[in-house]
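Naming follows writing order (A, B, C and D), and every chain is counted from residue 1.
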């Protein structure tokens, strides 16, 4: 029994959350530093996981398994495959930046009493989210996964509903109302999804007799456990619905713009870059692995929905007046790409989707955090309130531009690799869908460049004329992200090496081969 | 023969049951449907006494006595006291205020009763052995033996319950003075501020020939003033209006004068 | 006569009491009806004890009485304080349970 | 030797990185860094060129494999370079002209406080462009393809505080993106059908692929070429792109980037050879654009826009040639190179004129400038002679060959294309003469005309010192600007002859693009003579209109065609009405739908739930007695239930 590395990776932020919450009201700054240090330590642990993980080795590594609820065969089972490792690394990487970016977002208003401790709460909640997300990436027991999948909602709910933009912090009644609306919407959508999934989880238990992902998957693979076609399909739908809400897939997406629009930028990053990834990740790990036949059965519909998400999200992004909502709809479009790649059932598509999860996390984080800095300066989320920022704050504008370019997946930046892989992977099996999806890249260029043009270029508006450029803290947040974007865009090999084996496993789960190119087929 | 006796009771008891039972039911109905609380209380008392008789008939001598003493003697008296304290209120009227409540209630009652009877009907109550040997050593002794052995804990608990109830009753009824009593002056000022009825209420009773409490004082125009009599009497409709007494007296006077004049006419003739 | 009739009588009284509870508004009368119901139960218990030929039924009836006594004390106290506070003994006036 | 290839790209890339990340402390030396690194790239190119010349024609191709870019199951994308004669031609052109324009910009952007960034962008462009021409597979080419798009976006919008510039930049990028879509679809098709997108395998595999597939790929590539090379129907961005600083227009929108489409088609020659329909489409696009650009060029009064129109039309020539297949490829590239020289020269001349005229771009406010800026006049004039194909100058050789090849296409289409090419030559002569006359000859219309607010913001001291509305004082530009112009003029005079005589260029490129001699229905001499003839006609007409008569300062209303041409033949208006407006309406309605329909369904369910509970709430009337009734009823029901259970 070696050192439980995975448990430690998740336990550290969990304990950190408790410690941070316990910091007395007066020692606000201490709480911030504590949270930051904990998240950095978690990052170190994640790196250790990354190093200890052997791409060529078993499918699930660093496994841990303890009996938990013996009566129902629920076990505390952890294990990571390449995809899980990549996403854990992403999460652990982003959280410190989120914390740094939100450094002042939760400073208490002077109006409140001195015993009021929002700062501690804010950072504790972020760490709690990190812990749960990491655990849900690690859990190989369906029930265990379900628990964290749901528990994640609680801290997220408070983060969305409790902390607004400095622009209209709590004082503004209307903003507060919208915020609570967004938070409740987020909670309800995901709860409904989760409950349906719970039913499916129980159904799975009834059918399979235990919750262990590996055992069930093996049983499915070697035919000892065969489900009736309809049972499998129903269970699949139950799982998929929850993940599609989380992901979010059209038409279950409407909670995302509200949530991202109302939450502070760091929390928005937390939502779209970290929490939503659990949905797509779970599609890849649970849907495909547990219900391969049903997955194949549902593929056409899902692909069409994903396609709609891509185009529809992009078009709506063009139509937005609110910077954060625009990014949100852009994310919806990108999640469409991810889901499309997963269900294209080609190794290019799935590798692309996995890379896309990571790259989208980084690029959206970069764009959204810079947008957050912008908003915090001007105190408004409306695009129309900006103009000519590039003149007064060139560095801010430059980073914003790079973020935008990453969002429109310019070659040389990380998202391009993944997007192109997804497109190619889809195209080889479903040419029409692939071609239509390609329109997404034009629309992406449209909304990002329109956003940049309206906010950054043109004559300098008087309101922004005194806008300060990025401060050191903000540079510390943005620079590494951009560096990472460029590095992964030019040299994604380290990532693909980790991901590829896992993808091959998944492909073998669904018993799909890549379509052979015709020339070779002819030979 | 014996087992037949085991299944039936003596004719006398049957007679008693049918007569008193009827009365008991009537009493119960009266309890429910009498307008005034006092009457309900009395009817209930009657029903209880009859029940006491039934207890005795069923060989529960101790309970019968207790029923008379505790219930009819103590509890019902308590009820009467409270009725006296509260007096007559608008709540007394049998008019229903909640829509459909009465019909619902009657329906439920009817259905409930029928179901209950049905339940008793198809319950297998065939075994019937009187309290012969149970009461052999005396009913009270039997009870005592059981209470102090088998049911001693329940007994202790009920004791505790009684004490608690007593304390609770005291707590509830004892009015805690939160603010200091208003002085005469403050009361006066309050009255002036409210502006209604500055002087003290008018006294009841013109002419001291009656028990003046229940006679409204007359206003200058001869009509009775509501203010002069207490609310409870008014609601009970026990106020006597004497506003026409003066007229009656006048009539009597004239009559007598006529009689006298008439007699004098006869004398002069 | 079959002593089961006692049970029928008890049932009848109980039902009457219950109905009374439902249709009367004067708290005191409602209370009386409750007493009536309790007495009906006692009658049934006594009858049962006679049928089974042991005194347990009577014991229970006895306890019922004690409890009833306690309940009456507290209940009446409540009614009195209620009357003091809102000058009425109508159970409908205490309708604050409404949303 | 091979290892040097990467340096070609690395040098300017390094420059871009240093200049863009360096911050203000580099402002003083930034432009020198940029220029030196660009020149370094040219030097490396020259070394490689010399090395290449030292080898036999067949083993001149060299490759360099840097690293595996996206290693995914069954998907091999490598960062690898391939330097053959074709790439080499481009490398020299790009780095050479690029370096010259760097030098020119040192003077031109002297007083712009963001000059460092400008040079950073220029270097970025060079790196991307070199990557484009050096890539050995289509995906890497795509990277360069979009990279140059980004650079041109940044440079067109360099004066971002001008809304027009920002809009033009965005427009350019978007239109290019449409083209990029074509390229990416083409790559996907290649991957789906050939399982690879490296030049070598793909071009070999064309042999055993059906014509239909090749046509599909070809059309997609053509779409890409249209976007990048501003061919109809995706040409609309080029005119607006003139919002950028003039050196940018010279480098990106005349000499190099806009020719990337030609490179793509020539590079994919094998595919087009296998797909005649695609080839026809290419030629048609080329021919149409050729006329389109020329007509637009005739109507514009903005000197840069006029030159932009001519660029369009000249690239039309190249595309036309490239569409002709083996008989045209070489001439397409040849014209591309010569055009690189003289068009860059012309633009730099225009820039120099504007430099002296307070950034006035309206040719109607020029006139008689030859004695104020002699060097500009001479260099511009040589470029002018070159572009109209004056015998002996470079344009003559390249354009004439293209016209021949067009006739050589054979059949009616050959005649049509040839005719169009000839007509184009005439119009070219016309509008270039017009530009020449309006700018350097005639009376000095700028004397009394107060300059309106300049199209470009004043970055020169001239404008800053004696304000916007003062009368301009034409003066010759500093040597840093004139020297590049002289060099380019030299190129535009002799390049053609150097290439054309003895078919040097053909032999040089043949191994890559396999040249076939076209046989025009009429003798080559006839074609040449007719070309010269139409050129003379064009010049004559222009002289009659603008040389003899004085040019009105205010533009006359002009014929319907003229007005349409001024508005880019209404193509923009079409885009605006159909695409922009339509798109706006679409998005707006979608936003509405999303809010009411998709969101409404959910909120509706919630609302109905609320209503239901509200109705249920009525039952809670708060009367203890009604609660008691329900309890009582419940008890009754329970009893009934138990009885029933006992019964059954």
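Here, a contact is a pair of C-beta atoms (placed from the backbone, for glycine too) under 8 Å apart; a residue touches a chain by one contact, two chains touch by 3 or more.
Every value quoted in this text rests on a predicted model; they were computed, and no experiment measured them.
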Chain pair, A-D or C-D, that carries the greater number of C-beta contacts: A-D
Averaged-CA centre spacing for the pair chain D and chain A, given as whole angstrom: 37
Centre distance in Å when chain A and chain C are each reduced to the mean of their C-alpha atoms: 65
Centroid distance [mean C-alpha coordinates] between chain D and chain C, Å: 98
Whole-Å separation of chain centres (CA-atom averages), chain A against chain B: 75
Junction residues of chain B - those touching two or more other chains: 98, 101, 104-105, 108-109, 112, 116
Residues of chain D touching at least two other chains: 621, 623, 625, 629, 632
Chain pairs in mutual contact under the definition given at the outset: A-D, B-C, B-D, C-D
Chain D to chain C touching residues, read off their complex: 617, 620-625, 627-629, 632
Residue ranges of chain B touching chain C (in the complex, touch as defined): 7-9, 11, 13-14, 17, 21, 24-25, 28-29, 31-32, 37, 40-41, 44, 47-48, 51, 54-55, 58-60, 62-63, 66-67, 70-71, 74-75, 78-79, 82-83, 85-86, 89-92, 94, 96-98, 101-102, 104-106, 108-110, 112-113, 116-117, 120, 125, 127-135, 139, 142-143, 146-147, 150-151, 154-155, 158, 161-162, 164-166, 168-170, 172-173, 175
Chain D contact footprint on chain B (complex, rising order): 98, 101, 104-105, 108-109, 111-112, 115-116, 118-119, 122
In the complex with chain D, residue positions of chain A that touch it: 188-189, 250-251, 253-254, 312, 315-316, 318-320, 347-348, 351-352, 388, 390-391, 398, 405, 410-412, 416-417, 420-421, 423-424, 427-428, 431, 434-435, 438-439, 441-442, 445-446, 449-450, 453, 456-460, 490-493, 496-497, 500, 503-504, 514-520, 522
Chain B-facing residues of chain C, complex: 1-9, 11-20, 22-29, 31-33, 35-36, 39, 42-43, 46-47, 49-56, 58-59, 61-63, 65-74, 76-81, 83-84, 88-92
